[in-house]
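What follows is a pair of complexes built around subunit A, which joins subunit B in one and subunit C in the other.
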Partner chain A sequence: MRIGEIIESTSTHFVAEGFELNHPPALGSFVRVCVGEGCDLYGVVCYGETGSLDPGRRAVRRSTEESFDDQIYRESPQLEHVLRTEFTSLAVGVIERGEVLQCLPSQPPPLHFSVHGCSADETTLFTENLHYFRILLRASGLVPVEQLLAANIRQVHRGRGEDKDWLQRAAREAANLLKYDYDRLMTLLYAIEPTS
Partner chain B sequence: MKLSLLDKALQQMTELALAKDRTQWLVRARQLLHDADPDRLRGKLLDRTVRVPWLVAIPLSTMDGVFEAPDCPKNFTVVAADGSSIPPDRHSPARYYVINTGHAILTYGDQPDAALDSSAQLHFQSEDLYLDPLTGSFPVEGARLSAKMVVAELKALWEATERGEEPVVALSDGSLILWGLQNEHARVQQQLLGEFLRYLERFRGAGIPVASYISYPGARDVINSLRVWLCQGEAIDCGNCSASEVMDFCRALVGILDRQLFGFLRAGERSAVFESTSAILDQYGADRIQFFYMEVGGEVVRIEAPQWVMRNSEMLGLVQAVVYDQCRRSAIQPPYPPALQEAHEQAAISSTERQLVEGLVERALAREGIVYTRSAKDRSKRRRAV
Partner chain C sequence: MERSRLGVVTDGAFNTGLTVRLDADRSTEDLRVGEFVVIEGKSNRYFSMISDMQLRVSDPRLLSSPPDDAPPLVAHALAGTSTYATVEVKPMLMLDLTSDLDELRGPQSVRTIPMHFAALYEASEMDFATVFGKEGGTNFAVGTPVTMDIPICLRLDRFVERSNGIFGQSGTGKSFLARLLLSGIVTSRAAANLIFDMHSEYAFDKQTEDGHWVRGLRELLGSQVLVYSLDAEAAARRNVDVTLIIGLNQIEAEDIMLLADELDLTATTAATAGLLGDQYGDDWLRQLLAMSPDELAQFCQSSGAHPEATKALQRKLREVQRRGYLTEKASFSLIDEMVTALGKGRSAILEFGRHDSPLDYMLVANIVTRRVRRLYQQKMERFEETKAEADRPLQLMITLEEAHKFLNPTVARQTIFGTIAREMRKYNVTLMVIDQRPSGIDPEVMSQLGTRITGLLTEERDIDAVLTGVSGRSFLRGSLASLDTRQQLLLMGHAVPMPITVRTRSYDKEFYQDIQRGGRAQELPDVVATDIWAE
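Right, the complex of A and B next:
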C-alpha cells in the first residue's frame, strides 16, 4: 500500500510526505520503495513529524472549552490541506529478485517515488537476518538508537505473529551489539519485553 | 537613511495619536449618530442643490441601529478568492504581467471539506497589455492592473462558487467599489467595469450572496454624513464656514473614522446598512454596492455587498452570520476569515516565484535568440558597484 511520496533522498535515509495527516507509519516499522524491476529498497521508519506545509506559517492553538481534538479538524476543514505529515526512513537494505542484502543501497531512492508499507511476508523475509541492527545502531537522528531498535523489534515481532524465537534471537543480537553499553542495552531490553 | 532625523516627528505623531480630547469628540459623534434623523439626512444628502464635497453614506433605515448576528445554518459553504500580480516591468525587454488568483472552498457541517487551489496567467498579447491595442494606449498598469486583478478575483470567486454546496456565501477581500476607475477614460471603465459587473450579475442570477470584507477600514463615509447633518449652511462650504459653535466639533469629526464611530458594537453585531455615494456606482445599476460595519470579535470591519443582497433579509442575515462564524473559527487575533486567509495564501506570489517567472521569461526568449538585456538603471540597482 502506498503511504507516502519521497521529498528528500540521500544515501543513508529518505524523507517522505505521508498521505494521511497525523498518521505516519509506526516508528521502527519497515517501508519499501520499488526502485526497479524486481528490486525494492527497504527502510526503517526512524522519525515522524506533523507541521505546517508552509515553513512561514506556524500552527497555533485552536482548541476551546467546547471544541478540541478531532472537532478542531471538523470545524477547520482547511487544516487537512495546509498541514502535512512527514516521516524519515533509514535505508537498511535491498531485496533484489528475492535476494536480501542488508547494507546501504548503491543509489538513494528517486525523489517523488512512492513509499509503501511492508506486508508481514515482506517484513518476515527481510528480517530473517539481523545484520541491519548494526545500521540502526549507527543512526544519527533525534530518536535515541536503542529506542529506535526497540521500536523495530516490537514492530517486527508483532508482524511475524508474535514469533518468540525471533524475539529471543533479536534480544541476543542486541545484547551482543550493546554489550559495552549496559544502560542502553537495559533500556532496549525493558522496551522489548513482552507485556504478558 | 538617517533615522535620527525622524525622532522628533515620531514623538509628535505619538502625541497626536494619544490626543485625549478625541475620546470626548467620539462620545459626541456617537450621540450625533443617535440623534440624527435618517429621513431628513437622506433628503439633505440626495438634494442635488446641496453639493457635498466628500464621500458620504446614505442611511437606508436607521443611523444607529444595532443588529445581532443570526445563527449559521447547520450545513453551509464559504467560498473566497484573492489575487496577486507581477506588474509589467518597464526595465525589462519583454512586456508582460502575471495575475495569480487563489480560492478556498470551505464546507462546514455534517460533511466538512475543503478545496484550495490557484490559477496563474501570463498576459503578454497586445490586447492584454493595452486596453486599446490598436493605438497602444491605456496600458494595463497601476489602477488599471488593480482593476483587472479585481475582475480576475471575482471571476475566480464565481467559478469556485459554482462548485460549492448551497447555502453558500462568496467572500472577496477589499472593496467591491472600483473607485480607482473613476477618473479613467469611458472606454477603460466600459471594458473593466463591464466585465466586473457581468460576474456580479451572475451571482445575482444564481441568487448567491456575494460580499467583500474590508479589515481595518479607513473610510469616513458615515462620519462625513454626520458632518453634513451638523452643517447649518445651505451649501457645504467649509472655506466660508461661520458656524463657530459647531465648527470645532465638525473639524474634530474629520479625525474620526467610521470604524471608531462604530466601536460601540459588540461581537457579532452589525450597524445599519448604508449606501455609498462613490460616483463610479452610478454605473453599477442593479448591483449598486451598499455596506455595513460589523464587530467581528476584536475589530470593526466593513462589509460591502450589492443592494440585492442587503435588501434580502435572508441573504443579509446569512452574510452576517457566516462572516461572524468565520471570524470565530479564525486562529489569529484580531480574527480574519479562514476562507479569505487560505485564498490569500493560494494567491500570494513569493519573491522566489517572482524571480522564477523572470528566469522562465529570460530562458524562453533566449531559446529564440533574443538576448534579455535589462535597462542600465535597473542593472545599476542590482549590481550596486562602488
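Right, the complex of A and C next:
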C-alpha cells in the first residue's frame, strides 16, 4: 500500500510526505520503496512529524470549550491543505529477486518515488536475519537508538504473529550488541518485554 | 560419536592454559573443576582439564545495579551476552589428527595450543578410552568419571614400579581403594605384596561404616594371600597361616631411635642404644635387660654412656619386653620363608591383632621390612651376577598404613622405609604409603612417590604436601578441593596418562565376581611340594 512520497533522499535515510495527515507509519515499522524491477529498498521508520506546509509558520491554537480534537478538523477542512505529515526512514537493506541484503543501498531511492507500508510477509522475510540491528543502533536521529530498536522489535514481533522465538532471538541479539552499555540495554529490554 | 559443545577458546597461553567462553546455553553448574574435556583444534585434539571457572559481565554497571527479579525475556537475553562465564582449561595431552602414527601411539604430551575459536567439548566415552585405555591385564579399572559410567584405568605395572601414595581425610575410602588395588595387583600379577595391616582390616570380612559386610583379601583371593599374625590368640580364632614371633635379638638400635617418641626417650637415651649395639652386637638388648645396677654402671664407665640415660632406657625397654609376640631369641626363618613366598609372587598380610599400638606396629614393621630389604638386596645382587631372568627378583610392593609414623621428617632418614622410598626401586621394592596427613611425611619422600591418589583434603598444608613436585599444582588444587567426602579421588602421576577425578569403584559383589573371573584365568603356577603354604 502506498503511504507517502519521497521528498528528501540520502544514502542513509529518506524523508517522505505521508498521504494521511497526522498518521505517519508506526515508529520502528518497515517501509519499502520499489526502486526497480524486482528490487525493493527497505527502510525502518525512525521519525515522524506533522506541521505547517510553510516552514516559517507555526500552528496556532484552534480549540474552544465546545470544539476540540477531531472536531477541529471537521470544522476546518482547509487544514488538510495547510498542514502536512512527514516521516523519516532509515535505509536498512534491499530485497532483490527474493534475496535479502541487510546493508546500506548503493543508491539513495529516487525523489518523488512512492513509499509503501510492508506486509507481514515482507517484514517476516526481511527480519529472518538481525544484522540490520547494527544499522539502527548507529542512527543519529532525534529518537534514542534503544527506543528506536525497541519500537522496531515490537512492530516486527506483532507483524510476525507474536513469534516468541523470534522475540527471544531479537532480545539476545540486542543484548549482544549493547553488552557494553547496560543502561541502554535494560531500557530496551524492558520496553520489549511482552506485557501479558 | 557426537560430543556436546561447551564453548570456544578465546584467549590463553601455552604456560598458563586456555580461556574458553562458555556457550550461552551452558551453565557453570553443569561443569566441575577437574573435569576431563576435549578441545578440537584444526589438526590436534587436546585432552584437557578444567582448572577454574569465572563469572563475567561485559559492563561493570551491571554489578552495581543487578536486575533483580528480571522478567524471563530479560534474563534470557542477558545470559551469555552481558553476563557470561569463562572456564580455564589446561591441555594435558594431545593427539595429532593428521598423522596416522599418533593414532597408533596414542596421545602425546602437549607441544602446542589451539588457535582462537577452537571448540571445547565434553569428553565422550571414546575420549576416555583413548586416554585411559581399555580394562584388562594390568590396566585396572579404579573407578568411573564423576558423570559417566565407563571405566577409568590405572596402569598397575607402572603403579608398582615406583613408590606411591594414597591420601585423604578419614573415611574418604583409602583402605577400600587399597583393597581394590591390591586385588588388581594380585590377580594381574603385577607385584607381590607385603601388607602391614595395623588394624587387622585387610585379610578377613569386615563391616563397613554403613553396616554391611565386605570380603577380606584372603577370602577373595584365596591361597594367593598368606595371613600372618602377631596375635597368637586371634590367630587361633581366625584362619591365619603363621603366627609371627619376634626375638629380642632382632631389635636393633635403629628401631629404638624410631620409637623414641612412642617410648618418650630423649635423644641421649636413644643414642645409648647405639653404644650398647657397638659393644654387644645382636645381643645388646638381652644384655641390657639383664644388667644389674652394678653391671650397668660398669658398662657406662667403659663405654662412656650416660648412666641416667642408660637406666631410663633399661626401664623403658623392660616394658616393651613384656609384649606377647616377643621372645628371647628368634631366628629369621619365619620372615625368610615369607620372603621366599613373596619371591614366588604370593602376597602376605601381617595382622597386628590386639597388638595394634603404634609402638608394636612400628617396631615390628621396621624389623620385618629391614630383613625383607636385606634379602631383596641379596637377590638383586645375585641377579646382577648371573644375569639370568629366573633370578630377577619379582616386584614387591609394601603397603604401609599410618605411613607418617615411619616417614615423618624426623625419622624418615633413619628408618628402612625412608630408604626404600628413596632408593629401593633399584631392588624392585616399592612402598604404597597410606595416610590421612600427607603433610606429616618427609617432603623428600613425598617427591619420590610416582603415583599419588588422593581423596578430599581440607588442610592447606596437606594439599601442598600431596602436590609436592607436581606440575600444574594450582589447578589440581581446585580439583582436590572439589572432591566429595567419600569415594571420590584424584589420580595423578606415573600410572595415569593425566590427572583425573574418579568416583571410586565399589568394593562389592560385582567386583568380587570380576576379580574371581580374572583371577582364575591367571592362577598361580603349581607350587613345589616343599612349599609350606601349599594347600
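One rule holds in what follows: the second predicted complex is superposed on the first by the 196 of 196 C-alpha atoms of A that agree within 3 Å, B and C clash if a C-alpha of one lies under 4 Å from a C-alpha of the other, contacts with A are read in each partner's own complex, and residues count from 1 in each chain.
Quick note on the criterion: a residue touches a chain if its C-beta (ideal position, glycine included) is under 8 Å from a C-beta of that chain, and two chains touch if they have at least 3 such contacts.
Worth saying up front: this structure is predicted, and the values here are computed from it rather than measured.
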Taking subunit A as the common reference, can subunit B and subunit C both be placed on it without clashing, or not? Answer clash or fit. fit
First, second, both or neither for A:L167, with subunit B first and subunit C second: second
Which partner does A:N129 contact after superposing on A: first (subunit B), second (subunit C), both, neither? neither
First, second, both or neither for A:R74, with subunit B first and subunit C second: first
Between subunit B and subunit C, point out the one touching more subunit A residues. C
Put down the vertex angle at subunit A formed with subunit B and subunit C, C-alpha centres only, nearest 10°. 160
Which superposed partner A:N22 touches (first subunit B, second subunit C, both, neither): neither
Report for A:D183: first if it touches subunit B alone, second if subunit C alone, otherwise both or neither. second
For A:D54, decide between first (touching subunit B), second (touching subunit C), both and neither. first
Per the contact definition in the header, classify A:Q107: touching subunit B only (first), subunit C only (second), both, or neither. neither
Smallest distance from any CA atom of subunit C to any CA atom of subunit B, in Å, after fitting: 49
Subunit C contact footprint on subunit A (complex, rising order): 167-168, 171-172, 174-176, 178-183, 185-186, 189-190, 192-194
Subunit B partner, complex, touching residues on subunit A are 54, 57, 60-62, 73-82
Interface with subunit A, subunit B side, in the complex: residues 104, 106-108, 112-116, 329, 331-332, 338-339, 342, 345
Mind listing the subunit C positions that touch subunit A in their complex? 24, 58-59, 61-62, 65, 67, 71, 73-74, 76-78, 80-82
